[in-house]
Amino acid sequence: MDDRRLQLKFYETHDGKDVLKCIQCGTCSGSCPLSDKMDYAPRELFALIRDGEMEAVLRSNTQWYCVSCYQCMVRCPQEIPVTDLMYILKQMAIEQGISPKTAKMPDLYMTFYREVLKKGRLTEAMLMIRYGMKHPTDTLSNAFLAVKLLKRRRLEIIPQSIKEPKRISYLKSADSERTETK
Amino acid sequence: MYSVLKSEKGGVFAVRSLLKRLLTENMVDAVFVAAKTPYSDLPMPTLISSPENIETADPLAPVAPFNASRQASILLRSDTGKRLALVLRPCEIRALIELVKLKQCVLDPAILIGIECKGRMENALFLEQEKQRSGISISFYQDDNLKEMICSACNVCDHFQPVGTDLTLSVFGVQISTGIGVEAESETGTDILKKMGYSDVQPPAEREAELRDLQQQRLEAKSVLMEKTAEDIKDIKRFETLIANCLNCSNCRVACPVCYCKECVFVTDVFAHEPELLIRRAVKRGMIKMPTETTMFHLTRLAHIGHACVACGHCTSVCPSGIPVADFFITVGSKVQDLFDYEPGRDINEPIPYLVFEEENQ
Amino acid sequence: MRYGFFPGCAYKTAAGYRESVEALNRALAIQLVEIPDWNCCGATAVFSINSSVALVLSGRLLALADLHGFDEIITVCNACYTTLRKAIHMMEHHPELITEINKHLKTETLQLKRLLPVRHYLDVLANDIPEMRWRKVKQSKSDSDLRVAAYYGCQLTRPWKDQGQPERPDVLEQFLERLGVTVIEHSAKTLCCGASHMIPYAKDCAPLVSRIIREVRKKNGNIIATICPMCQFNLDAGQGRLNIPGTPIAFFTQIVGLALGIDSKDLGIDKLLVPMYKISDNKE
Amino acid sequence: MKRDQINIGVYICHCGMNISPKVDVEAVAEFAEGLAHVRIARDYKFMCSSPGQEFIIDDIRQYGLNRIVVASCSPRMHEATFRNACETAGINRHYFQMANIREQAAWVTLDTKEATAKAMDLVAAAVARVTYHRPLESREVKVNKSILVIGGGIAGMQAAISSGNAGYQVYLIEREPSIGGHMAKFDKTFPTLDCAACIMTPKMVEVGQHESIRLFTYSEVVSVEGFVGNYSVRILKKPRFIDESKCNGCGICMEKCPIKKIPSEFNENLSFRTAIYSPFPQAVPNTPVIDPDHCRILAENKPCGACEKFCEAGAIDFNQQPEHMDITVGSIIIATGFKAFDPEPLVQYGYGIYPEVYTSLEFERLNNATGPTGGSILMKGGDFPKRVAIIHCVGSRDAQYREYCSRVCCMYSMKFAHLVREKTGAEVWEFYIDVRSPGKLYEEFYNRVQKEGVHMIRGRVAEVTDILDDPENSEDKGRLTVVAENTLTRRMLRIPVDMVILSVGLEPAEGAGDVGRMIGVSSDGNGWFTELHAKLAPVSTVIKGVFLAGCCQGPKDIPDTVAQAMGASGEAVALLSKGTVMTRAEISFIDPDLCAGCQTCVEVCVYNAIDFDEGRGIATVNELLCQGCGSCAVACPSSAASIKHFTNRQVMEELEAILI
């Protein structure tokens, strides 16, 4: 993998160069609800990007653990849009076909993504079923919950969709057109 | 307070009788108003002190040989202790207020009588029309064909109602052949009307609608003009094309009511180039057009007074080369004025934008 | 003002959100018209995979809302709220993106012409409804047993910082207090609930839920008011794994409904996983 | 002078190796020789050296040169040098023009050819300009040998003492009831840990008793007009409601005052004071003031007068009115100091929400022998803290608040850590981004604190919360949790503590901006006063005769503040000692024939240097006040206003030579 090219590509994205401002203070990591589960703290990720260690960055699970709570972003003393940069790293990882060690989140997002591409809307139950086929253990633990939800008329089995899903076939072309991460 | 001044001979006569009473009842020492001279049909700004001479006054004629605010500001340079009534068009009042802000004159001696203005014709056209039919001061307000003959700046003017006056002569919703409306806008104005014994009445019902329609029509025309002009002056090349025929005669500058410098920088020796220098330029570029400073001239004027342009259009009227000077002044002026939320002539207390220091803009 | 309602995919199955929103609309005569044929906003998932698709999704929704003559888009979900605003933010800063989006929308004869403002239903209730109308509708005294802890989650105040302070907002508290509801002050208002990470990483997210519930209990709150289906679900369902007494997790609209004296059955309160026994007892 | 009589000499400097390898100086000299009116052009290794200047002087005499152009460095470096050479040789000093071919050509251009071409353009421009130069003269005016010092903190006090010792009359203005400033609130100072009061008190007494210092406390400067050597200053003396000449400072009034629950500003609101009060026991002057917002008589018009009844000296005077005093001074030293950053907007640190979160100034009082706890570091409940966190960089190094480093916080934080350990034995965690300890014995102090067992955690704190992960654990009850990443171990920390100290940064003092505007001294984007030159004139300002001392110019510790105050005092004394100053020659001129009398220039002039002549209806320039800034020339629509030596003609010719 061409680390240097990927590094430049990251810098060229909107706000990508902001990582150069990072003073490694650790506010982002300290503010992150799940940073102790990450391979690298967000702060470390920025240091790795600056060192050009892009393969290590893109293979890490860090960006996939980002819950988009934006806490890091509003606290960063250098006003780096940390959360937005995590999105860029996720997209770059997908583009590079890299599967991080803990691949559950990309799977979940992909399932979600395909469902929306096809139907225009998401049905939570369908998401759970499709995702569950890949990760049966997560499904089992959720089965008890499903029964409870069903009892309260809160499970929708009929898939939701927009009126004529064919109308939005252009989403697929938008998907295939993906060239550069913006 | 709104009153109606009736006269079988039409609005002009009603106005004259009002002005006459101002003089006879010693409310003012003199009246400054457009009046016909013995030599021509073109009404010129005239300072009248004798009540008999009021008969020549013709403020409703759809013409203004130039923006009378300049002449008014000469009369108002200092407070002489004499009271003056000045009958002016909205653009003239707005320019006058700008001149007050620029300390060129004072308003203390003035009673401002504004006219609701449906536009003016170019001088030559007016004289031609006046020759063809008499009584244009009435027929203009009734004949739609005549109304379409107003000059291009008036066509896009949405300031047809004067602001900051003591009295406003109102032509909207009124049959001008039977009289004219008058609205007191200040305490002074109300006192005058009360003293003269006029009663407060409801303005005619059609007035609001008529104003609204004209406003909409003018705004639409203005946006069309601005869009077109913006395209014409999009870059310096196009701008130079637009003003290619400029002779540097300075007519526009002289006609401009807010261009108030005693001596323009373009006649000082800043632009009086040494022959040596001109030849050097020619040698370097192969050729130079003379006069050399036409682009600079218009850009400098835009920069100096764009914020104060009242869009009276006299610059276009006087251009011997037919350059639409007012068009680009209106276009650039409006944008500058929007930027600073400034409207020339709107309020005498509104500070000139470049004299205001805002801390957050540091 | 014409409100274009964007319910989002989770609204229908959320625990009585729909029932309570509709009940409030009826009671307060709020015209909330669903944007016809709306699509999913894409949430965090689509932006994580491909921002072009995410932008087209938001673009379609904005174009639809404009086409049907709405002035504002109203959401009831933090994810929808922030995803749409994020897309709009990007479009505002990179107008060329709108051209790209329109290339796609053209096939559906849609066009994105202007970017409508996006607001949360909480904002509408708290700021748009005249005081008189509240007074007219409010019939009963509020349930004095309720000590409500407002919970905003992440994406209403962040990253926008425009609904008050991004970490300790108080719009919801002020609004509820105006209706006579007792609210408590606590420190977990905008902590993360785990969001969609709850599905694959339930164990990792359990401490997050625990932290919020325990803090509310410590500060003597007995019910949590949420403003987002995902937050409600995670806190409600997530308690199953915790070894502490259950704290009911309601939607703020349900609390408002109760405060106005609307029957709890009309508010879908029976759909909560951790039940509100007390309140039901009092009512029935 | 007729144009054909103009003889220009052009000198191209090599500046050692600074200009010559990049710019072909010989080619430039040759080029210059071909320009109109140039009589002679030379190049030389160091034009600024004595032989270099001799060249110019000899050529002027020998060839009858009457205009000189030197192409070398910047005018700020050597314009005066060459102007003096011109004057020595007998031509007017303004018949000189400098072309900067070092900074503007040699140093910033990669290609030799381009650099040479640019140098030629700049020389041609200077030659074109200098032909239009006019001889200008400046005037010598007498100065008033007195100095105004604004601000009575350690900087202002030191500046006043140094200037007073030099024998100059000093007026020291302080808006609070006592001098002393922030330093009076401290107990110990880093890194020597000597007692602040022990250093301060003698200085305060010295100021109070100095024969050359006239002290105005509880007073403010309301206007400053005039120019170097002759500033007219108006001072507002707020009413103390106590006759200073009668009061003997016995303090009985404060004992008897019934209004006792007013938060004490001096103690950072951690204790109470009475309505008649003296901020602290060692206050100078030792005269109390009556707080008109809280006094029963003054604020509520209710009967009381307890102080009046007990005052044996009969010093209480409820009828005192604000007084204005006018003084004239030759020079002004600004020492308005700083204000501590208010951490409330950083909600994540919980200041104002959790009672055990303190600012550094609050902690200074808590630790001070004269403070609310008599110097015991106690929590609000009266217990000693067992665990204390100190958070660095609160408000500093933060693009959302103050981008700069406040310079003193690292050191005072470590001082706090030491004091907490020493006085309470508590465990201390310091959360820092970087430890900045550049100063004499500062790094050694850092090492000492480390050895004392303070936990130094490299990581900016994410939040302070009262959420505890284990709320059932009785040990942690009532405690706060500090959440941060230890960036050195990459561990996420949640540390329970009893007390949190926020090491807040420094901001310009409230009202400093008004003082700056009044005098005409500019501030940077953060509000600190701008010095004339960071290295060459660090205590001067753009306004001649106005100097800066202490934190008003930027965050500083006490040693630097005192040194700068002495520097400012030295500059002020040096300026005044000669007894006269020269006025500027490059000032505004308003052509009476062109002036339309619109007074736009009057409004834009920040130095109040333009008056309107009602009789002639034109604007006129006060040559003593004008600083030659050029605002009037830009604003004047008719070009009636121009700046001598920067006339339209001169600038246009300069441009023309480059552009055409």
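A few remarks follow.
The letters A, B, C and D name the chains in turn, as written, and every chain counts its residues from 1.
As a working rule, contacts are C-beta pairs under 8 Å (C-beta built on N, C-alpha and C of every residue); 3 or more make two chains touch, one makes a residue touch a chain.
Since this is a predicted model, take the numbers as computed values, not measurements.
By number of C-beta pairs in contact, B-D leads over the other of B-D and C-D.
Chain centres here are means of the Cα atoms, and by that rule the chain farthest away from chain A is B.
With centres computed from Cα atoms alone, the innermost chain of the structure is D.
Centre-to-centre, using mean CA coordinates, chain B is 57 Å away from chain C.
Chain geometry summary: the mean Cα position of chain C and that of chain D are 50 Å apart.
The centroid of the Cα atoms in chain A and the matching centroid in chain C are 22 Å apart.
Among all residues of chain B, none touch two or more other chains. Residue positions 348, 463 of chain D each touch two or more of the other chains. Chain contacts: chain C has residues 167, 191 touching two or more partner chains. The full set of touching chain pairs reads A-C, A-D, B-D, C-D.
Within the complex, the chain A residues that touch chain D are 23-27, 29-31, 35-36, 41, 43-44, 71, 75, 77-79. Within the complex, the chain C residues that touch chain D are 165, 167-168, 187-188, 191, 207, 211, 214-215, 218.
Within the complex formed with chain D, the residues of chain B that make contact are 102-104, 260-265, 268-270, 276-277, 280-281, 284, 304-305, 352, 354-355, 362.
The touching residues of chain D, when paired with chain B in their complex, are 36, 525, 593-600, 603-604, 635, 637-639, 648-649, 652, 656, 660. Residues 348, 393, 397-400, 433, 458-463, 483-487, 490, 492-493 of chain D are the ones touching chain A in the complex.
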